[in-house]
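If you scroll down you'll find the structure; I have some questions about it.
Chain lettering (A, B and C) follows the sequence in which the chains are written, and residue indices restart at 1 in each chain.
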Amino acid sequence: MPTEKPIQYSKSSPLLMRGMGEAISIQHISKSYKDVQAVCDISFEVQKGELFGLIGPDGAGKTTLMRILMTLLIQDQGKATMNGFDVIKDYKKIRNIVGYMPGRFSLYQDLTVEENLNFFATVFKTTVSENYELIRDIYIQIEPFKKRLAGKLSGGMKQKLALSCALIHKPEILVLDEPTTGVDAVSRKEFWEMLKKLQQKGITILVSTPYMDEATLCNRVALMQKGKVLNIDTPRKLVENYSRKLYAIKSKEMHRLILDLRSYDKTDTAYAFGEYLHVTGKNDEVEASEFENFLLKKKHTGLQVLDNEPGIEDVFMDLM
Amino acid sequence: MKQFLGFLRKEFLHIFRDPRTMIIIFGIPVVQLMLFGKVISTDIQNAKIAILDQSHDNTTREISSKLLSSGYFVLGQELLPGDNVEDVFRQGKVKMIVTFGPEFEHNLERDGKADVQLLADASDPNTARILTNYASGIINDYVKKEKLQNIQLPDQINVEVRMLYNEGLKSVYMFVPGIMAMILMLISAMMTSISISKEKEMGTMEVLLASPLKPIQIVLGKVTPYLLLSFINALTIILLGVFVFGVPIKGSFLLLMGEAFLFILMALSLGILISTVAPNQMVAMFISLLGLMLPTILLSGFIFPIQNMPLPLRIVSNILPPRWFIVIIRNIMLKGTGIQYIWKETMVLIFMAFTFIALSIKNFKIRLE
Amino acid sequence: MNEKVIEVHNLVKKFGSFVANDHLNFDVYKGEIFGFLGANGAGKTTAMKILCGLSSPTSGEVKVAGFDIYKETEKVKRNIGYMSQKFSLYEDLTIAENIRFFSGIYGISPKDRKAKQEILLKNLDIESAKDSLVGSLPLGWKQKLAFSVAIFHDPKIVFLDEPTGGVDPITRRKFWDLIYEASDRGITVFVTTHYMDEAEYCNRVSIMNEGRIEALDTTENLKKQYVAKNMDEVFLKIARNTE
């Protein structure tokens, strides 16, 4: 298993250089339920106007961390602030300036699209028209369905409605808990495009997702697993700091390929990555030709052994 | 067959590993049996009666003493001829008044007959019937025994039975107040408890909590619709009772509705309290049904007289809000009492409502945990 | 390899006036890993339920494992395995108890069961946890266990409904190792997933949209047809085409 890597704060983040300040500050936060340590000594900051991703599978602690920031749970240890307000003492102030989209979207299934939006507007002491500009691009896509019950919407539409409801009061920080889980690939892409546009309007966005490929759409990400942060940086830096030499290998018989590679004593790791296998050699000292020769001897046809740039998923798996 | 056995085995494993199922299967029947056994008793003991003795002669004293030593009756009050019978009943101190006419013994010896009047509070017709039957039995028993001893004229003691407030001993007079209490309790408490638990289950509670809405706004927002609806319910029940079943409203209608309002408020607060502890709708419904409906039917005096129950159950009965409400309604509707006679019960309801509201607010979590 | 284990001809499923499945036509061959893709609400789950005998078609011919879905539903159920994200094993039973229960249902003799159980536990490297409650196991173990139990009775086809949702990347790939092993053993795997890289592991995929099958081919051919680098692009192009 890889050794523990120290958490690196991104010193070269362009937003930091602009000196815009912190929107979210998390210092040594820990939280456990019964015997399970949900969140273990986590510290990092999110700058104003950043699009920050929490990337990790179920059980990583993403939801727990977000609930603590949303003042819905109290941490066992540590301190956290949202726009300078403490999450325990100033919870009332925080609840006025943050927009929240929890898992499963939390819409009222038996109210219509319109009714849901109006309800959240009044709860935040505003009206739909007051901040309509902010949600217009999003809401326009579901407006034709405004009289439909929320329970009857497709996953993608529920997503858009929930986002609109979270934005209706022009929050300064937006916290989204797995907004793209269980939604089709097209809606996912559209959703991220909407987030990017919102970011341009100056809103700080904290998003969590289990989909590693979405990490590249963020300014910075924290890779999380089992309550701990594996690493934090811009996606690009994370990839740059990946220390292994990675090969992409394919042949006409993918399944046999992976079995053969695993039986090869010079292979360190070999994992399926769609069309190709991502393979590392022991001590990174193995040449491409060595793999080629071994596999040709095993009678693989259509063989390709290429140098490969790692992606976030490779980085994550290396850190696990 | 093997499939079936395999499935059977699995089901047993599930049952034994779930503490809740075990409680339902073993705990509840035992509780129910104990409750039913103790509660459904048609025997009366130590019912409070009053005796108006206008003769004070040997015979009346003997009869009185026989009544009071029977184990069925205790003396609640000695009455004097000037006392207002209606007041005595309104105060609720006695369930039956035994009246001996003047010159009782004299009349008996001279004419061979005398009159005894049994006046019973029939707002609870079952109890009234039983009490008058017992009393009549004891009195007639006495006559027979005396007859054997004094071989004289055929003695006759006429026992005149009058049922007050409910001449026809209509059971519906007893039921309507009880049903009203039960329905209002159930609807109000169960509905509010489910409403909040539903939000928790659906996950929308999370969004509400994270918003600037104050807990008091959420709670009141949940309670108010049911307040209005339950009030309409109460009105409907009363109107049906009056116009379809002929139950009278002898007292103030305004007072009646006022007490109903108070009761509803109390039940709603109880519902909120339940919802602060129940994590989901199923549990909320469970608590409401088991904790509210069953005890209400069995222990609130709705059907089975409270005074028949053993002491522990009577204590439990005192904790049940419907028990007090039923007394209030019966008094207002059937006896026509005013607030001066039911202020104690009203205070109990106010106290309960206040306690539930305070506890709910204290318990209502502004966070998820 | 050319034996058909699933034959679907003009399958239609309506709920009232809503057409969930609109004249589906496809076949699945023995030993294939068949990817059944599509957006939420496209009709995948509906079709899958029909193939598993959990729901009846409105019209059309459907044969699974050689048996007619209308007349021989029980025979179909005996010859298939099923695993979904929502439910797999009983959390309050141990691993051994779960295996025993499912063996009983599928008519596996105690002797066979014991032998197969040993192999299963060894394969997954969880011999020590045999008497632990499933609920106490880590998520990754549960997934792999659920799959192994689903194919315990060596069914002809195993249906997997989004089996890798929410699981970490390494466990996801270990899960697919198991799928490959099953396929090698001759078990046909019918899987739905939202991970587009997993689509690449399949022999053929079908992509559903609004109740119809928009594409059905090997991943190679689809990428050529839609001039796409990977399945993600294919999917997007198909979805955008039909808008």
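List of remarks:
In the analysis below, contacts are C-beta pairs under 8 Å (C-beta built on N, C-alpha and C of every residue); 3 or more make two chains touch, one makes a residue touch a chain.
This one's a predicted model, so the numbers in the text were calculated from it and none came from an experiment.
Taken as a graph of touching chains, this assembly is complete, with every chain in contact with every other. More C-beta pairs in contact connect the chains of A-B than those of the other pair, out of B-C and A-B. Centroids built from CA atoms put chain C at 28 Å from chain A.
In whole angstrom, the spacing between the mean C-alpha positions of chain A and chain B is 60.
The residues of chain B never reach two or more other chains; the list is empty. Of all residues in chain B, only 202-204, 206-213, 366-369 touch chain A in the complex they form.
Interface residues of chain C facing chain A in the complex, by the touch rule stated above, are 38-42, 139, 165-171, 173, 176-177, 180, 183-184, 194, 196-201, 219, 230-232, 235-236, 239-240. The residues of chain A lying in touch with chain C in their complex are 56-59, 154-156, 181-187, 189, 210, 212, 225, 254-255, 258, 271-275, 313, 316-317, 320. Interface residues of chain B facing chain C in the complex, by the touch rule stated above, are 2-3, 5-7, 9-10, 13-14, 17-18. For chain A in complex with chain B, the touching residues are 67, 70-74, 91-92, 95-96, 98, 100, 102-109, 120, 123-125, 165.
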